[in-house]
Structures are given as structure tokens and as C-alpha cells.
Amino acid sequence: MKQASIATAWLGGCSGCHMSFLDMDEWLFELADVADIVYSPIADVKEFPSDVDATLVEGAVANEDNLELALEIRAKSRLVLSFGDCAVSGNVTAMRNPLGDPQQILQNVYVEAPDRDGLIPNAPGIVPPLLPQVRPLHKVIRVDAFLPGCPPPADRIQAALEALLEGALPPNRGEAIRWG
Amino acid sequence: MRDTRPTVNISFDGVDYEGYVGESVLECARRNGVTIPSLCFLEGLSVWGGCRICVVEVAEGHRLRPACATQVTPDMEIKIETPRLRAYRKSVLELLFAEGNHVCAVCVSNGKCELQDMAVFSGMDHVRYDYQAPRREVDASHPKYVFDPNRCILCTRCVRVCDEIEGAHVWDISYRGEHAELITEMNRPWGDSLSCTWCGKCVAVCPTGSLAYEGRSIGEMEHDPVMIKRLAVARSRGEWLDPEGAI
Amino acid sequence: MAAPIDLHEVMEREREERFRTRWRVKACSSTACLSAGAGATIKAMEDLVERDDMVLEVQVIPTGCMGLCSAGPLIRMMRRGGDEADYRNVTPEAAVEIVRSHVLDEEPVPEYQLDTSMPFFTSQERVVLANGGVINPDRIESYVAHGGYQALEKALTTMKPKAVVEEIRKSGIRGRGGAGYPVASKWSLLAAASGKTKYVVANGDEGDPGAYMDRTIMEDDPHRLIEGIAIAAYATGANQAYIYVRAEYPRAIERLDRAIRVARRNRLLGRKILDTNFDLTVEVRIGAGAFVCGEETALMASIEGRRGTPQLRPPYPTEKGLWGSPTMINNVETLANIAPIISRGGDWFASLGTEKSTGTKVFALAGDITNTGLIEVPMGTTLREIVEDIGGGIPDGKQFKAAQTGGPSGGCIPSKFLDTPVDYDSLRELGSIMGSGGLIVMDEDVQMPDVAKYFMEFSMDESCGKCTPCRVGTVQMHNLLQRLCDGTGSKQDLRDLEHLCSVVRDTSLCGLGQAAPNPVISTLQYFRDEYIALIDQQEVVHA
Amino acid sequence: MSDTRTRRVAGATDSQQGDHPSGDNRFDLVDKHLKRARYEQDQLIETLHVAQDVFGYLSEDILIYVARALRLPPSMVYGVATFYHLFTFDPPGDHSCTVCTGTACFVKGADDIVQAVSDTYSVPAGETSEDGSLTLKTARCLGSCGLAPVVVFDGNVLGHQDTESTLELVAGAVGGGG
């Protein structure tokens, strides 16, 4: 039987959700027995592969790279999960939204703040431009299931993956969807 | 204390219960251990009826009514857990989350928040609507308390408790519709308020992290809304040390 | 205490005055005609009469609305005991020419003459607006001369309060302001309510954009409203009344204030009205720009000087209203119908209109239609008669697309329902409402999603913010409509919009929120293809 | 609207200084109303109307004055004043242009008029231009639907307006714009 293929991706977030993913500890070995992690920030894969069964996406869509990767993930994954509060709601990443124009924010942070060198980082092709507003993943691509939490605790991630491996959607009732 | 009020027969989701004449559907449900979720309602304060979380279906005509403001009547058939009501409750909650800037992860009330609990109860795993991301300034001018309007859901518990129980009327709502916002006095910093008595009742009753003690960090704020009920029982029945009867 | 007015003597005197001159010129001085320059026109005629020494020949009488606002300024030349000729677009120069021609040469001036045999005039049935173009709103005598205050006299001197309510019940009249609740039921509730203090409130917070019948009544026939209030108060045992008027209507406020003073002086208000034991005080209260104050409980909050947020019902105002006392709120147009019902009988009124919607209804015709203005027709008149006959059809050879009734709480009715009789129940079946009577006609160029967005913006701006679904739901629905209208909306947006329509309709606290989705629901029902055509065919919007 | 303006201007010139304890005799007119209203708390909205007629807008000082006179909590007065759209908290411009955006006017293109004036004089609807020369407002139906679209300029109601005629009107009083 073909192994299930699972990917995890990291957009605009702190990587805390991936830390929590690693907190699944020895269960990760069990996971490796039944599924291949075909793409992940913790695996050194450059290209997002085709025909992924399920992708867990951490982080909000904050810049052009995030957007591009989100679209690619959607095109190449059977199921997409918003993994953690940033993907689900924008969360901390989206706290810049009330402040408006990102250029103005960069100006305030890099130029006007006294302890900076007065330069906005600018490296075309390396530092991706910010989007006008940070958006939750489901406002950019279709999302099949949501796993809130900041981060979602390891046992909830495990429960979600177990469900996915059995061909079901993760539980979305009760404490399984507690935010924060 | 035995209740001698006349009773009526009612049902919640098909199960029969006894209600008292003059009692609201919400009170009756609580007394009988039936859960009707609610947010703006708080025992001991006047009924506001604005959050619309507690709407229930009353058999005749399937009109929705706020449980907090509807009195039980004989043979009333009340539905709480219908697919329609579940969907509506979730939508109303999503609207509240979309309206403010609710970031549980960095909130003083994380893990101890009525709004967050309501999301869990209602099965709200994401918000369909656009986040409005309003720009609202935190008021940290008070020496003892902090007001963060980003987390305010306009339940007006603070307005009511300050006016009705403390008698200071420091708080009110300004503007209207999407621009409605809590204010203290002439929309000046709370710390400048001459009428605030520092009694902390507004902080005690806040269902979210909007009103909190100064200096609390993430997840450290615990509110005490039941204080108002205790106070009401103490004042009306002279029972100061009977938390069991009060709660 | 001065003696009360002798209605019959005043009538006599007025009749003599009417026959004093050979010619009378009635000049519409309603707000619409004034905006079109009626002030200068009237001044020119008065100057002419003065200058050419025609004082014994001609009197110029400013009157209330004559109806055809789009053709203002309007005047009517009336010859003693006979002919009348109506004129439209009367500039000051034209007025001079018309008056001279009639008085000196006994010749009309065909160039400006208005064809009063057109359906706009012949198909109307004027009850509420009967005095429009007839009386001088500033003179109580003028109102009395046309039968004014006789219904009050009849009620106070020959009828028990119960009999008055009974007459209203017989008339079958339903509230003209919104949902069409039977008026007599409200009256009975207040009459039955116990309490020393009871209030009657006239709701003149006409907020539906596109409706201005209440303003016209208040400005052009203030005594008719006062008479209606007095009869209502007598029938229900109230001794204090308020007229709540939008601050946007300064002229109505001024006229009502003056009319109340004059009525009091003539013992038609105040203590021992017309020497009976009935006392009534009437006060004007002014709004300050809040559509939601048309809602009964919000209106009461506003009269009490508070934020105009609706309160939970029950208790209903007739149990616990202003300052906790029983209160009844009737719309201005409703109250303007009361005097004729008492004078001519409930049966007469019930013979007008349809079985379940009796009497007449005033509509403000506006939009893409030839004749715009105020019209009054029997309930049950078809939309087609209103639009094509009375309204004169759509200008510029364009096609009728929809009629919007009920303002932001109503809906859009497409052409296939043009033959629907306009009454409370038929409109409701079509997903619209009668509302206060705004009727906006839209031609083929109007995009219905734009119309829905326009009304949603209105409801969003006017939401009081008390309840979540209205406060936030209207913003979200507006967002979604904005995206759809911009052509960047998705199928999911349309689904979310439809779901929100149900949520906001079913869970909002008051009528404003509950009705806010109506323009969306009705345009989706009849013009869904226009929404579909706007959808970005991708499933999800891209940033 | 026009008499409101004249009254305000007249009041402002001849009674700026005087015997009123506040040093501004315009408060006398507010006091007169308050007395007539017997300081009843339900007269709050009427009192705010009078104060706005007299002063042209409601400053914080005026709101505090009214709150004291009617013995009402300041937050309540502020809450009521901000609830109603007709109350304004900034001094109005020298000229005012109100475009009716009621349904009939909307159907006849009132939005374009608002946009044009707003663009030409860089003043968002509901605000006053930076030089204080023009206040641009929108109104929810002035009840002159037969004349749609309707514009009220400095108190004069003008029917059947379009973008061009309105801009001309404003330019005549305020100047070229831009």
C-alpha cells in the first residue's frame, strides 16, 4: 500500500505550531511508519511536491511569498488544514492590520524608531513585499479543516493527524477547537 | 428558602420542566440545569438583550426570542439546540470576533474568557467574515485598571453595573452602529475620571479581557462576575456569607 | 378662560371672504415648490395685485402641496363660482402673465396650462391630502372652513370614547407607518390600560429615504394632525401628547408649534377643550438625525432625552411606555385619517380600498418616472396604474425594471408583478412592505446589486449598535455587496451573504435590523442573474 | 438651516463678551431655553439643539455645561450627543454644501455629485475642508424627491442638480477649488 503523504508549511507565523508538532515526540515515529512527510520546514525539501494528501499550514498570509506558496499548496494538496491561530485567524501576525498601510509601519519601525539605522530592508527576491493586509489562510485559498490554538497542543495535532490517516476530517468540537 | 411563586409547565428541547410565573426563560433554564448560552446577561443587572447569543425558538411561529428577556408562559415549548439556532449562534459569535481585535494568544483573559468559552461551546473553528480590524487605542491611564477596547463586545455589563449597582455612571456608549464605543465621562482618559470610585465592579463583570487589572500578563486575569449576584443577595436578603445560596 | 372657537361662525366668515374677490390664485408653497422657486412666483403675484390695484379683484393664497412636485411651482386660478385652471412651472414672469390674462382678458395661458384631465389627477382619491392646494396652512380659519375640527367637536360632544374606538375599528384602518398593525387594536389597548397618565405620540420621524408624505401633512395641514391626535387622546383617555418630528424638517416644526399655539388659544387644546371636560396638552419633540428613532421604543427613548436605542418588547408601549406610563404611538399619516373617519363614518372609510387594507394610501412617487410627486390612491390600486397611468410611465423610452417600496426595510418589485394590487398583504407576499409609502421607480439602467448595496449602507449607518447581528452583520453584508458590485466577489461571498441575510433577519432586536436584509433578499429573489453575472468565477478571492 | 446660521453669526458677534459667568454671553440663550424647559433632564436633546444653533457646534465645554445644568452624568451627555447624526463637534466651514443621498437622489446620480465636490475640494463627506471654507455633508432624504437630485447650499434648497451645476455653485462662493 502506498504511504500517505503529509506536508507542513510555514507562512507568516512564529513556528510555534511546528514546535508543538515536534512535541508529539515518539508518536512521530509511529507517524513515520504510516506517512511520508514530503515537505516541511523541518525537512530539507526545496520544491512543494505534487499529489500531497494533506498539508498543515502554519501562519497567516502576510507577504507575497506566503501568498504564492498558499496557492501552490492548494493546487497540489488534496486536503489543506489551517494549522494554528495565525492560519485560522491571522492572530498575532495580523495585529498590524489596524495600523493600516504596511509601508507606513515599516517607516515607523525602521526609519523613525531611534535605535535603528534608518533603512527599510530592501532585497528584491529575498525579502518579500508585505501584503496590504494580513489575511487568514481561508480568505486566500479554500481550506478543508481548522485546527485553532496558539499553538495547538501536541495531543490535538496528533488527534487531527490520526483522523486524517483514517480518511476523516479532524475533530472540530469541544476543546479540540479552543483558540489561544 | 422555598419558593412559593405559582408555577407553569414548560419544556426545553422536548423535556418537561417547571417554571415560575414571572421568571425569564434563561433564569428558568439555569435553575433547572439546562444550558442556554448567553453573553450580555448577568444576574443582578438589568436585562440588555443586545448580544443575541441566547435567542431560542419558541414553538408558536418559530419566532426567535432572547431567552434573557422572555418570560415563561404556560405550556411554552422552547427549543435551544436546533440546527438553525446552532448555526445562528455560531454566526453571531463570528460577527463578534470579526468586529473587534480578539487575539486570544496575547490576551490577559486567555483561558478564562467567556467569549473564548462561547467559541468552544458553539463549535466556532474559524470566522467566515472579514476581520474589520478597527484601530482602537488602549486606555491605560487608570492607576488600577486597563481598558482595551479591542476586546470589547459592547455587552454593556460595565455600563450597567456602574450605573445600577455602584451609582457612579462613569461608563456609557458613544456614537452608534459600527462606531459605537465605550467611553468614560466626556470621552477622556479613564484615569482622569472624577466620578470613578475605583470599586472595580466593571472589571469584575467584564466577560472578556477588555477590562483588567493593571499589570496582568497573558492569561493572568480572572474576572468575578458572580460578585454582582452575591452583592444582590446580600443587599436584598441580608445574607452576606452564603455563597452557596447565592451562586 | 376665553370662549372656545365657534366653528360654524368661522365657516360663515370664511365663505364670505372666499366670495370677496372675483379671482383667487392658489399657489403651492410646499417645500418642493419653494425649492423650485415658488417664493418668487408668489411675491411677483402679490406685487402685481398691489401695483395694478387688483386688490378687490384677486387674492393670492399660499397653499399646501398640490401633488405634482416635478412640475413646480404650481398655481391654480379660480374664478368665483366657476372655472379653474392649473398651471405648471410658473416662473414669476409667467405668473404675472397668467394673472393678467385671466383677470383682464378672461383668457387662459395655454403655454403653461396643466392638463388636469390626465390620470395623475383623475385617478387619485384624496382623503389625507384633501386640503393640499386648497387651504392656507398658516390659518386655522382656512382649515375650519373646509370642515376642520368638526370631527373633534362631534367626538367630544356626541360620542363616548368607546364609540370613537368602535368607529375606528369599523373603518378597518391599519397603521400607515410600517407593518400595518390595526389601529383600533392599539387604541383599545391604551384605552384599557390603567394609570393616571397616558400618552399619545404622533410619529413624524419619517426616515425612509424617498418618502415625504408625513412632512407634507405636518407642514401643509398641521391642524388635521392635531385634530387626529386630539380624537385619539379622547378615545384612549390620554391627556398628554407628543409629536416627534425629525429635525431635518424645520418648517414642519415651526408650523406645528404655531398650530398648537393657535389651537390652544381657540380652546381646541389645553384645558376644557370646546367647553367639555377633556384636557389635552400637545408638545413637539425634535429628533436629531437617527432613522432608528422611527422604531417605537427608540422613539420613546429619544423623547425622554436618551440614546435612541430600541428596548426589548414586551412590555409593549401600551403597557409601559414613556416614563413607564402607557403610551400609544401612531404614525402621522394614520392620525391624519382620523378626522375624516369620524366625520364620515368608519363604513365610508372601509368602502375605500380593499377588504383587508381599507382607505387610501399616500405614495411619494420618485425615481425614473415622468410625474414625480405625492399621490393618494385607494389601497389595492395596481402598481401598473400607479406607474404607467398616474406616474406617466418611464421617461426617455426606457423600460421599467423595478419599483422599490418600503425604503431600506422594503424590497424591489419586478415588472412581472406590475398588476399586483398595492396593499399591505400583497406587498408582503412579494417580499417587500408598504412602509411609509416611498415608491421609487427604476429603469433598465439601474443595477439591482447596487441598489441593495445602497440600502445596506443606509441600514449600516443607521444601526444603533445595540445588538450584534445588526451592528456587525450590516457591515459584513455591506462588505460582501461591495465586493460583489466591484466584480471581485466569489460564490462563497454570495453564500455568506445569503446566510447573513437569515441571521440578521431572524436574530436582530428591532425592526430596523430584522428588515435590513430585505432589499438584498428581494433583489436576490428577482434579479439573481445580476449577482451571478458579477461573480468572479474563481472559488476563492485572491489577494 | 439658513436661519440657524444667521442666528449663530449674529450671536457670535454681539455677545462674545458679557455678563454671563462663563464670559460668553451666548450661554444666555442656552440658559433661557433651560429655564423654559425647567431644567428637565428629558430636555437634553432639545438643549443640545439650542446650544448647537447658538454656537454652531458642540464643544466639550458646551457639553459639560449642559451636563451640569441638567444634572446628568457626563458620559451620558456625550453618549446622547454622539448618537445623533445632526450634532457636530467641530466648527463648521464658512459655506456648507449638503447633497441629498436619499433613494430618489441616489437613483438620479447624487453619489457622483458628492464624489465630484469631495475630489475637487479634497474634503471627505461629513467634514470641513482644511482651510475651513467648505463643509460637505450628505443628508438622508430631504423630502424633495420630486426635484432629485437635491443640493442644499448655504441653506438654499436647489433641485435638479448635476455635477457641473453643483461645482459651479460651490466655486461661485468658495472659489476655484483644488
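Residue numbering begins at 1 within each chain, and the chains themselves are lettered A, B, C and D in the order written.
Methods note: a residue touches a chain if its C-beta (ideal position, glycine included) is under 8 Å from a C-beta of that chain, and two chains touch if they have at least 3 such contacts.
What you are looking at is a predicted structure, and each value in this text was computed from that prediction instead of being measured.
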item: Neighbouring chains shared between subunit C and subunit D, ordered by label; value: B
item: Least step count from subunit A to subunit B, where 1 means the two chains touch; value: 1
item: Pair of chains whose C-beta contact count is the highest in the structure; value: C-D
item: Centre-to-centre distance between subunit D and subunit A (centres being mean Cα positions), rounded to whole Å; value: 51
item: Subunit B-subunit D separation of Cα centroids, rounded to whole Å; value: 38
item: Rounded Å distance, subunit B centre to subunit C centre (Cα mean); value: 41
item: Euclidean distance of C-alpha centroids - subunit A vs subunit C, Å; value: 58
item: Multi-partner residues of subunit C (each touching 2 or more other chains); value: 290, 307, 461-462, 464
item: Overlap residues in subunit D, where contacts from two or more other chains coincide; value: 76, 79, 83
item: Shared interface positions of subunit A, touching two or more other chains; value: 133, 138-139
item: List of subunit B residues in touch with subunit D within their complex; value: 163, 169-176, 183-187, 195
item: Contacting residues of subunit B [partner subunit A, same complex]; value: 97, 101, 103-107, 110-111, 113, 116, 119-120, 123-128, 130-131, 133-136, 150, 219
item: Interfacial residue positions of subunit C with respect to subunit D in the complex; value: 31-32, 34-36, 68-70, 72, 206-212, 215-216, 247-250, 285-291, 302-309, 364-368, 372-374, 404, 407, 438, 440, 442, 446, 454-455, 458, 461-462, 464
item: Residues of subunit B defined as touching subunit C within the complex; value: 47-53, 55, 64, 66, 69, 71, 87-88, 91-92, 95-96, 98-99, 128-130, 132, 153-154, 173, 175-180
item: Complex interface listing, subunit A residues touching subunit B; value: 82, 85, 88-92, 94-95, 97-100, 133, 136, 138-139, 143, 145-148, 150, 172-175, 177-180
